[in-house]
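Chain lettering (A, B, C and D) follows the sequence in which the chains are written, and residue indices restart at 1 in each chain.
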């Protein structure tokens, strides 16, 4: 047994220390994921069962939150019309980091049943980075919960870094948003 | 339902007294449809309203590009004498315009706004029919017209996902049996959790 | 004092669905307000024109999300009216069972939704437990929890599975016993009564002015104005049920009617299970014909009593393989748009979420 | 007054935080069982708080940041004066205990004001409505509560918490909640108001004003607000235990009483809806005020204490 007194100290660099702390933080982050339920579409109707007593999301430490600032996950529940996408980008940019995006249903993946609609976008990850997709129309509560467990596993493996991607490729995302939306800023008769 | 026939007769009598009926249809025992001249719409609606048809159930338009017409539809209902009455009229497709029925049915306000938004029909008399209601920043012809193609619009505006492999059945190199076997093997793999058997 | 501008939604815990209420408030009182719809717009009416009659069956349930079956029923009846198609007797009764179960589920969701604005989450959780049991029954019958695509043109997709009558009976008996508990937790709970009694009024003139239907109308005019009674579809003229009414329409009266309607739906389901005859359930198009299936020229409007009021499809066919025009009359259209503009002002901020909840506003059917 | 006193004080604040956070977690589980579900892990609240502290946060100017820190400091300062039992207490000198009731009344206000300042600094209209409501609620419950407490002070001739505790323990555990039933009820109702439990949750009200003062907080600031909330709950529940339930002679007694009070308040909260803000004020100024005055008259003029 080595005496600790004479073993040379294992000097950790600052980056390593940061990484260690980040891992500690990851434990807390993945065990307490707060949802921002933005009911963008139909899949929102399967969220109450998965949140309430039947499937009880709170077991996993998850719960709904009232405002984007408090939340960790932006839950995009279903198709996104242009009008919603504008507000979704607002909401996403308001959330505090690290933030994750979970997209439910097949519509954010490739447009789903509304692939040829004039009002619904086809692919969400052109506009904001998506970490987990849950396919299905509509996904069962089981698969919704499974998606969240995948997200937790991904946080542990450090693969869920969509928010970093948004920083790195900010220009590209903004470009896409402009192309589809025309203008991201909300204009309507009430925002005089 | 014993007196539903009487009700139908009553409506027919009311409408035929007030205006000339271009076309009449009996849809079922509790539903009637009349096509009338555009100028008579207000008269017919107010007569029906005072006779008890005071609920405006629906207001919308139908596009008939072959005749170069829009057809505006009003559906009225009377809860005491249960007959649905469709009143239809055709207006020109170029510069379509029909007077608002707000003075008769205040509830028509948003229906008219929506009809303007989706068909481009003007409703003079409705104070803000020209404001956007459902769409935001629309940059094309009104979407419910028949000559609007949503698929082309979608392709133009929204990038679609590109798949490395084409799964559609119209694939030229479509080997159905092989694909089915592949799918079966994949399902088996998923079921057993990737373990070899 | 200066008016302050507030947004209730689209991302707001008090707002059901993706719509936004813009409010200009002075202190706590709302001065002006508008609904900003359109965030759930998918261009449904255009989509339906582009799809075959058969394909449309998979599209339509998505019009109104909390209660999808009324769409299928309305679409099917509208098409059958133009086709002059007679549906097998058993199919009518199965449709009624499905519709009533859907009504119970929508009412439970709306009643549990009372838990949100008033803060009584226990009520919400309990209501969702029971709703989930209905979804399980649906899964047994149709194979899907929410979007069933079960009521099709010409009947229903397939017969009821064996032993489902037992399941339904067990569930409705259980639910009937628990209705007392729901009353205690919700509309008879002293602290909630303070919130919902004598507020959010809906007088009779307003009903006629806006064209409100459903529970809002019945609670105000004190007459059984229910499409099931007045213009019976399916076999509603062969079952006995009451239409609960009241002559004083505050939030509590409307919620009370909701509970009573659940009770009546249970009675209807019992009668359906008892009276249901044996036989075929669907008029099928010939093999290979469904893609080329056409509907003759015609116009039809098919009203259905949904949990929020009269819901209907206006359908125009020009004899082609797909509908020429389908218009959706959302049940919450009048109170949702004009009602919020005209009658939400004057209430307090606290009441806004409750207003939206008890008036029965479903944003997907406003936007389509 | 040595450094040891301060260390004990900080220790009490820390103990209060740990205690309330774990009891809060256990209560979430109990409520979960009431709502026919499994409920979270009992240490979920700790995870939540540490997660919030590990997140990045957006600032809305220095008032926003400083207000949170001021509120947290004020609350920790208040908690340092809180006696746990007769003996465990941070600041005492030769038998004189510095745990006067009015210290808590004044210092708690520092926390509240800091939070109000910071929330208004965020510039969100929901937050300012929430702050307005929080202060109004405070005004509503303080009046009946203070009348009852003043009655107690009049009766015991002292305003030190340990003194009041000992007074109750002296003659065979004569708790004030039994001796003065009306006052006890008023105290409990006011406690519900202080804790922001359901009938009086008006200033949080997620479905109405989007969680009120907390609407703009996220990340670290929200984490600090959570810590603040836990410690202030600890202070408020302990005040009730000491004033009305005869305090505690040892730490286990304190824990049991604390748990019982908090759980009872939480259970009541979970089957009730919330009032509107004007209803909260009229409610407090009607029955609790009347009961508190009646109790004061009974105690002071008639001397009827069981």
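Odds and ends about this structure:
Keep this in mind: a residue touches a chain if its C-beta (ideal position, glycine included) is under 8 Å from a C-beta of that chain, and two chains touch if they have at least 3 such contacts.
All figures in this text were calculated on a predicted structure; none of them were measured in a lab.
With every chain reduced to the mean of its CA atoms, the largest distance from chain B is reached by D.
Each of B-C and A-B has its own count of C-beta contacts, and the greater count is at B-C. Each chain gets a centre from the mean of its Cα atoms; for chain B and chain C, those two points are 19 Å apart. Note: centroid distance chain B to chain D, computed from Cα atoms, is 58 Å. Averaged C-alpha coordinates give centres for chain A and chain B that are 37 Å from one another.
Taking the mean of the C-alpha atoms as each chain's centre, chain C and chain D sit 44 Å apart.
The set of chain A residues touching two or more other chains comprises 52-53, 66-68, 83, 116-120, 188.
Of all residues in chain D, those that touch two or more other chains are 35-37, 206, 210-211. The set of chain C residues that touch two or more partner chains comprises 12-13, 38, 41, 43, 46-47, 50, 125-126, 129, 367. The set of touching chain pairs reads A-B, A-C, A-D, B-C, C-D, using the touch definition from the header. Against chain D, the residues of chain C that register as touching in their complex are 4-6, 12-14, 28, 116-122, 125-126, 129, 185, 189, 191-192, 194-195, 348-353. Of all the residues in chain C, the ones that touch chain B in their complex are 37-38, 41, 43, 45-47, 49-50, 81, 208-211, 213, 223, 225, 230-232, 237, 298-301, 303, 310, 312, 314, 316, 324-325, 327, 329, 333-334, 337-338, 367.
For chain B in complex with chain A, the residues that touch the partner chain are 131-132, 135-137, 139-140, 143, 148, 150-151, 153-154, 157-161.
On the side of chain A, the complex with chain D involves touching residues 24-25, 28-29, 31-32, 34, 52-53, 56, 58-59, 61, 66-72, 94-98. Per the touch definition, chain A reaches chain B in the complex via residues 82-83, 86, 109-111, 115-123, 126, 176, 179-183, 187-189.
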